[in-house]
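Shared between the two complexes below is subunit A, which has subunit B as its partner in the first and subunit C in the second.
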Partner chain A sequence: MRALNPSMLVRMAGDRATGALLRETGTVYLLDGEVVHAESPAAPGVDVLLLARRRLSSAEWQETIDRAGARCRVGRSLVESNLLTSGELEICHLGAVFDAAFFALAPRTGPTRFRYGATHWFGPVRPLRAEVVERETRRRQELLDRIWPHPEVDSAPVVRDRAADNPAVTRRQRAVLDLADGIRTPFTMARLLGRPAFHTLVDVRRLAAAGHLRTPRRAAAAEPSPIPAWVADLSADPDISLLRRLRDALEATL
Partner chain B sequence: MANIEICLKEATTSIEGTLGVALVDYTSGMALGTLGGGKDLDLTVAAAGNTDVVRAKVRTMEMLGLKDEIEDILITLGGQYHLIRLIKGRGKNGLFLYLALDKGRANLAMARHQLKKIEAELEV
Partner chain C sequence: MPGIDECLLEAMGLPGARGAAVVEWTTGLALGTLGVSPTNDYETTAVETAELARMAAEHTAFATAGNHGDAEAAKGSPVEDVIVTTPTSYHLLRFVDTTFDSSVFFHLWLDRDEGNLALARIRLQGLAERLVLG
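Right after this comes the complex of A and B.
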C-alpha cells in the first residue's frame, strides 16, 4: 500500500541531498539530507497560522519577507527582530512542517521528482531526519483511521447533526462545530482557526465518530485519500505536466 | 537555536530524579521534542498515549461545566511519578510538558515548581 515515493525521500536524505521533493500534494525541502521545510496546498502555512492567531500582523510578515526572504532566513529574522521568541517559532514551524509533510507524503499515485539545489525562503529552523518525518506521517494516518475510519469526512463540507444526547465536546472541538455551516470543508476551517489541517481533521473525525457531524456516504469506487481532489489541481506545476506528457509519449512508443 | 531542546535539557538537569521529559502536541499526539527515556520508557509512545489522558480530563470538565483550566495532572505509580503540565500562553495552545520521575529520588513540589519555570521559559 505504501508508495515508492516516501522511500525516495529517505534515499535522497541518505545521499545528504539538498533540494525539493515535489509531488502533486506538496513539497518537502531537504538541506544536506535533513528535512527543513514542507508545504502543501492542503495545509495552512506558518504565515496563516501566525496571522490567524494574531501573533503577527500581515505588515510585519511582509516586511520580514522583504528583508530576509532573498537570504532564505525569514524564520530566524522573525526572532532577531523580536516578533517571535525562538520557542514560539520552533513550535509553530514544526507544527506546519509536519502538517504539510503529512499531505505531501500521503500514499497516492502520481509523479514524484526531486529538484536538486532548491531551497525554501523560510530558511531552516530545526532540521529533522527524513525517517522521523515519514514515521510521523504514517502514525498520523493510522491515528485518523483509528478515530473514525471514514476518510470521506476529511474533504466533504462539514454538516452538523444536532441530535440530542451527544457527548460533551472540548473547547477546541466547539470552535470546529461553530464553523460547521454545511459549506466549509475541514481545510477552510483550519485556515479560519489558524490550526494545522491535520489537527482539524482529528477534531472532525472525532466529532463525526461522536455523532456531532454527519458522515457522508462513501461514493462508489472512491479511493480513500486524506487529500481533497482540488488539491491536485492546485499545484499545476508546468514541470509536472511536462513529465506527464513525456511519460505518455514514452508509453505510446513502447 | 534549539529552544525546545534547551528547555528539555534544563528540565532533566534541574529536576531531581527525572527519567524522561517530552514536549507534546495534544491533538496529534506528536512529541515536538524528547529527552531521556530509553528502553523502559519510550517517550514517543508515552506522548501519544497521554494525549488521551488530557483529552479525557478536558472533556470531563466540559461535562461538569467547570469553567476552569487544567494546570497539571499527576499520575502516581509504584515507582514513578508522571507529571503532565499543560502549556498556556500565546500561540502554544494544545501543548503539554510530560515528565517522568523516579519516585524515590524526586521532590514532587520542587518538580512542579521547576516545570512551571520551564514552561515560562519557552516564551522567552
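Right after this comes the complex of A and C.
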C-alpha cells in the first residue's frame, strides 16, 4: 500500500525545506529537508510515553517545556539537565516520530498542506531522511495486514473472546488483554500503557488472529479503509477541535 | 552520556566486529546501524533479527520466572541475550532495558575467527546498560 502523498514530503525534503506537512491525520516536521518530528492525534507523544511509567514526573516535563520550549530545544534540554540519557531520548523520540508518521502519512484522501518555516518546540534529536520515514510507514501497513488483514479491529472497542483453547499470550499482550473492557479502543490503551499506538495495533491484531479478541464484522457497504476510522473521528473530539481553533488563532497572530 | 551512535561505534571497536545495529523488536525498525550488514540491506537484517529477538522475548519457555517472579516481571525483558553461531560468524542480540516502555536490542555481527564471543557478550551488556543509564 502506498502513502497517498509520497512525492510531497520527498519533494519538500529534496528542496531542503523547513516547515510542517499538515494532513488530517497528523503533521510531519522538516528541518533543512530532514524529518525531525511528527505528531498525530492517534499516536501518544513523547510526554505520554515518558510519564506513563513515571520515567519523568509531570513537574520535570513541565519545567523543561517552560525552560526550553520557546527555544525549540526541549529534547536536548532533557539530556542537558540529566533527566534522560541521550540513548533514552533517542529511543523514545524515534519511537514516537515513526509512530506518528505512520498515521500522519497514511493513505487517505484529504488535503495536504505545507507550511514553510514552521518548527516544532521539541527540537531535533536524530534527523531522518524523508524516504526512510515513508518506506517504514508502508512497511508497517504491510506488517499489520500480514498479521491479521482485518483493519476493523484497530478502531473498534477491544472485546475479549474467552475460548478455553486459545493459545498462550505474551506478557505485552497480557497487558493489552487486561485493559480490554469492551469500551477502550487500541488507541486509548496505547496511552494507558505508555506505548506507541502502532505497537498496540500489532498486539491487537496478533490477539485477534489468535482468537483472543473478537473481530467485528465488516459493514457490508463500508469501503475498506486504509486507516482506522477513529483517526479521522478524532477531529470530532471537542478538545481537539478547541486546540485546533486555538492553534489557528495563534498562528494568525504570528 | 552516550547515544545510539556512540554505542554503535564502541561496539564496532570490538575485535572481529563487522556490523552493529540498534533495532526495535516489535516493529523490526533499525534505529541506528554501523558497519556492514550480513544481507547487504540494513532494513532486511533488522526485520529478520527483530523476529528472532521477538520470539526469544515473548515465548513462554524463556520467560520462566523461577523463584524471583516479581523481580523478573518488573524488568523489561525476561531474556538477556540471544547468540547465533554459524561456521563463519557470531551474532549477538542483547536486549536493552528501559524504564519507559520500549522493545530495543543491540545486534552485533562478529567474524568468527577474529571475534571473541565471551568478551563481546560482556562488553555489549555494558553498552546496553550505558545507553539508557548514562
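Following the convention adopted for this analysis, the second predicted complex is superposed on the first by the 219 of 254 C-alpha atoms of A that agree within 3 Å, B and C clash if a C-alpha of one lies under 4 Å from a C-alpha of the other, contacts with A are read in each partner's own complex, and residues count from 1 in each chain.
Throughout what follows, a contact is a pair of C-beta atoms (placed from the backbone, for glycine too) under 8 Å apart; a residue touches a chain by one contact, two chains touch by 3 or more.
Here the structure is a predicted model, which is why all the values come from computation and not from measurement.
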Simultaneous placement of subunit C and subunit B on subunit A, clash or fit: clash
First (subunit B), second (subunit C), both or neither touched by A:Ala52: second
Which of subunit B and subunit C A:Leu193 touches, first, second, both or neither: second
Contacts of A:Arg162 with subunit B and subunit C, given as first, second, both or neither: neither
Partner chain in contact with A:Thr85 - subunit B first, subunit C second, else both or neither: both
Shared subunit A surface residues [contacts with subunit B and with subunit C]: 50, 53, 55, 85-92, 94-95, 98, 126, 136, 139-140, 143, 168, 170-172, 198-199, 202
Subunit A to subunit C touching residues, read off their complex: 49-50, 52-55, 79, 82, 85-92, 94-95, 98, 126, 135-136, 139-140, 143, 168, 170-172, 193-195, 198-199, 202
Subunit B to subunit A touching residues, read off their complex: 1-4, 7, 23, 25, 27-30, 32, 48, 55, 58-59, 62-63, 90-95, 121-124
Touching residues (chain side subunit A, partner subunit B) in the complex: 50, 53, 55, 85-92, 94-95, 98, 126, 136, 139-140, 143, 167-172, 196, 198-199, 202-203
Parts of subunit C lying in touch with subunit A, wherever the complex brings them together: 1-4, 6-7, 22, 24, 26-29, 31-32, 43, 57-60, 63, 73, 78, 96, 98-104, 130-134
